[in-house]
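Next up, some structures in C-alpha cells.
Each of the next two complexes has chain A plus one more chain, namely chain B in the first and chain C in the second.
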Partner chain A sequence: MVSMNAALCDVVYTNLVYQQLWTETEIINFEDVPIVCGKPSHRLTNDDNDNDADASNSEDIPSDGKEYVYPILMHQYKNSGFSMKSLDHIFSRLPDMIKRLTLGIVNDDGTVVYYFIYKGLRKPKKN
Partner chain B sequence: MLISLACLVTIYEDRGRQVLTMSKRSHRNQLQYKHALPIEAQPVPSVWKHPFQAFSWILDWAMRWSETRIIDVKINQLGQILVCDQWQMKYLWEHGFFGTGQLSRSEPNWQARTMSRLQLNDADRINLEHVTDVRRRQRLEFKKLRAEFEAKKLEMRQKGIVDEQFIEQERLFLKNQRDKELAFEKDSMQIRDEDLRLIEGKSVIQLESLQLMPVEAIFLSYAVPVLKITLQQLMVSLVLEPKSFQDIKKLIHQYVAYHHYRSKGWCVRSGIKFGCEYLLYRRGPPFQHAEYGIMVLDANQSNDYTWYSSAARVVGGAKKQFVLCYVEQLIPEDDLMELWKQSKYDELFRNFKIHELLYKRWVAGKNRD
Partner chain C sequence: MEYRESFTKAMSEKAKIYLVGSNLEDGDGDDASSVVPVLYDVDDIAKIREHGVAGVLIGTLGGAPQQNVFLGVPLRLMMEEALWLVEVGHAVFRHVMGQDLIKSLKGLDGEKLQKFKDDRANDVAQQLEWKRANFLRKMKTLRGASDVAVPSDVINERDEQLMKQSIFIETKDTSAVIEPSLNDQTIDQRKICEQILRQNEKLRLNYKVYKKLREMGYFMSPGARFGGRYVAYPGDPLRYHSHLTVQDARSKDEEIDLLNMINGARLGTSVKKTWVLPGINENGDAEFYSVEWAGFG
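Moving on to the complex of A and B:
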C-alpha cells in the first residue's frame, strides 16, 4: 500500500512538473496523508479573493501561492473507495490555514485531472 | 512540412479563411491516419508477374511467420498499461487512435512539445495544447477585469450615481479584451531548473509513455491481437482473483460495449471528461469533434430520472448526442463466472447483447422541425 501511494504521488508529481509546468514542487507527508505541493505556472482561479466580505475565509491559499494536491487513483470499472469521511481525514491532517485542497485524480485512460475541494461552504464560481 | 506549417499559422491568423485551411489539414490527416486499426492489409502479389513474391507470401501465410503481436506492454504497480517504445507509441496512435500520452492531452507529443517550448528544434510549430493554455490564461484575466468593473458599478449604484460614459467605457474595454483573446500570441520562453534535468545535448529525454485503457488493451490483445501479452495474462492483472461475478461485471460490460462500437467502425475514446463511458468519433480526434457520448448500463438497471437528465445535460452541453447503451446478459451470472474461470473469453463475450437508446433533450420552442 505504501509503495503504491509513492507510485501514485510520482505520477501526479511528474504530471504537475512536466505537463502543467509547476515549480518548487515536492512531495510532503502530513502523517499518513501524502501531498504533492507546488506553485502553478499561473494563477488557477480569480476566486481567491472573492469572499473578502466574509473575513473568515478571505484567504484560501497561503500567501506563498502554493497549492496542495492529494493524489487518488480512479478506475472506470472499480470503485475508488473515496468518501466524505476520507476527505475529512485528509483535511484533519493538513495545517489549519489550508482551506482548499486539490484532488489529483489519476484515471485509467492515461489522464490526470484536477478538482478543487473547499473546506466548508463557498460562493459559487463565476463563469 | 512547409504546407502544414503554413496551414497551422493561418488558422490562428485568419479565422475567416479557416474552412479552406481546414480542408488542407484534413487532407494531410487522411494521409497520416490512413489505417483505422493496427492492421495494414497487403495485396496478394500476382502469381504471373511476381511468382517469387507470391510464393513467399503463400509460405508466409501458411506457416504463420509474420507475427501480428508486435507491441510490448508493461503493467506497473498502479495497474497502468503502458507502451514505452517510441515507434510503437506512434504506431498505436496512428492506427486507430489507441491510448493517451501520459503527459499530453491525447496524442503522445510531449517530447516534441517540450523541445519546441525550450526552443531546441528549428521548426516552431504551434501546438494545440499551448494554444489552449494561453487562451485559458487570457480568459481568466478577462474575467478578473470584468469582475473589477462590476464591483465598481455596484459601488456606484449603491451611491446612486448613474454614469453612462463609464458604462460605455466598460463595454469598449471588455470588447477590446475579447478581441485580443482571439489573436494568438506566442509568449516568451523560460527555462526552469526542472527543465535542465531534461536536456540532453540538443534533445529532450523522453519521459512520456502511452497508456492504454483496460478495454483498449483487451481489444488489442483479443480482437486485433497486436499486444505481446496474452488475453489471459492481461485479464488476471486487471482483476485479481474475482470472488463473484460482481467483481468482473463492470469490466466485461464496458468491454462488450467498447468492442461493439469498434467493430462498427467507430473510433472509441474515454468519455470520463464528460461523465460517460465513451466518446465516439467518426474517424478520430484530429478529424472532428466526437459526435456521441455513450453511457454503458446494465439492461436491468433503472435509475432515478434526475440521473439521466443530469448526465444528458453534461454531454449535451458539449454538443454531443447522449446514447444509453444497455448490456444484456443472455445466461446466468454463475455460468458467465465459470467461463471467466476457464478463460473461455470468446464464449463469455458471445453471451451479451447490446441495446441502444438515443436520449435527447427536447425544447418545445426550439425543436419545431
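Moving on to the complex of A and C:
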C-alpha cells in the first residue's frame, strides 16, 4: 500500500512540475497521509485574499500560497474505497491552517484531474 | 375591517398540506413514496414561503394541459419540505384519498348540478345586463339624450357579440362539489410523519440534510436540473442565485464514486455552484464536504 501511494505521489508530482509548472514542489508525509505540496504557476482562485465584508471564504487560504494535493487513484471500473471517513482522516492529519485540500485524481490512463475539497459548506469561487 | 380580521386569522392558522395519491392507512410496502404533498390555498403558499419553503407550482389551465410556464396552484412540495413544515408546526397534513372524494360526492344529484348550471347562467346574464346598461349610458353621452330611445336600435349585433366575449368567468379557489367537512378531519400529525419516514430509508437520511440546511437559512428546490438531490439558495429563489448542488445523503462509510464527483463538480463549477457531499455521522447529524474543480487539469 505504501509503495502504491509512493507511485501515485510520483505521478502527481511529475504532472504538477512538468505539466502544470508548479514550483517548490515536494512530497510531505503527514503521518500516514502523503501530500504533494507546491506553489501553482498562476493564481487558482480570485477570492483568496479578498477582504470584502461578505467574503466569509477569505480566511481559509494558506498565506504562503501553497496548495496541498492528496493523490488518489481512480479506476474506471473499480471502487475507489474512498469515503467521507477517509476525508475526515486526511483532514485530521493535516495542520489546522490548511482549510483547502486538493484531490489529485489519477486516472488509469495517466491523466490527472484536480479538485478542491473544503470541510463544511462553501460558496462557489468567483470567476 | 372585517376583511382584515379574517386575514389575520388566516395568517395565524397553519398551512394545510394535502397528501394525495395513495392510501396511507394500508401501511403496505412503499405506499408513502407515492404520496405527493400539495397546497391549494394561495394564502397558505404565501405563508410557507415566509418560512423558507418555496415549492414548485404545477397547476395548468384545464384547457392547456401541455402548459409548462406560468403555472398556478396546486403547489407541489418535496416530502422533506412538507415534513419539516409539519414538524416545526407551520403546517398540518390533510389526507385526501380517492374514496373520500367519491364519498363526498354521494349527496350530489341532478338538482344540485342543475343549480350550479343555473347559478352560472345567472351570473353571465347579470354581467351582460350590466354591460348593456354601461354601453347605453356611454352612447347617450356620445350622441345626446334624444337619440337613444330604443336599446335595440343602439346595440347592434357586433357590439352584443363583443360584450358576450368580455364576460368574466371566475375560476373558483375551492370546489363547490367537495364537502368542506373533508377539511375538518383530524389526523395524528406525528404519526403520519413517522409513517412516511419509516417507509423510506433514503428519505430519512435526506430529511436530516434538508433540515440542517433549512435551519442554516437555505431555500431548497429539487436538484435534478444540476444532477443533485437539492439545489440550495442562500435566500428566496426569486432574489438569489443558488450556490450549492447538494447530493443524496449517505452514511460516512459509503464509498464516493469519483467519476460521479468529477462529473458533478465540473458541471457545478461551470454554473457557479459548489458540489456538496452530505453525510450522516454516528450521532445522526449531517456533515458536509464542498467540492469544486481546481481550475486546472
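Note that the second predicted complex is superposed on the first by the 116 of 127 C-alpha atoms of A that agree within 3 Å, B and C clash if a C-alpha of one lies under 4 Å from a C-alpha of the other, contacts with A are read in each partner's own complex, and residues count from 1 in each chain.
The rule is simple: a residue touches a chain if its C-beta (ideal position, glycine included) is under 8 Å from a C-beta of that chain, and two chains touch if they have at least 3 such contacts.
In this text the structure is predicted, and so the values were computed from the model without any measurement.
In the superposition on chain A, A:121 makes contact with chain C only, while chain B stays out of contact range.
In the superposition on chain A, A:14 makes contact with chain B only, not with chain C. In the superposed pair of complexes, A:109 makes contact with chain B only, with no contact to chain C.
By the touch criterion stated above, A:23 is placed in contact with chain B alone, chain C being left untouched. Once chain A of one complex is fitted onto chain A of the other, the partner contacts of A:87 are limited to chain C, with no touch recorded for chain B. Of the residues of chain A, those at positions 15, 19, 45, 76, 113 touch chain B in one of the two structures and chain C in the other.
If you check the complex, the residues on chain C that touch chain A are 216, 243-244, 250, 252-259, 261-262, 265, 268-269, 272-274, 276-277, 279, 287-297.
Contacts from chain A toward chain B in the complex involve residues 3-4, 7-8, 11, 14-15, 17-19, 21, 23, 25, 42-43, 45-46, 73, 75-78, 106-111, 113, 126.
Within the complex formed with chain A, the residues of chain B that make contact are 76-80, 99-104, 110, 114, 137, 140, 143-144, 147, 192-194, 198, 207, 210-214, 250-251, 254, 269-270, 272-273, 277.
Contact residues on chain A toward chain C in their complex (touch as defined above): 15, 19-20, 40, 44-45, 72, 74, 76, 79-85, 87-88, 102, 104-105, 112-125, 127.
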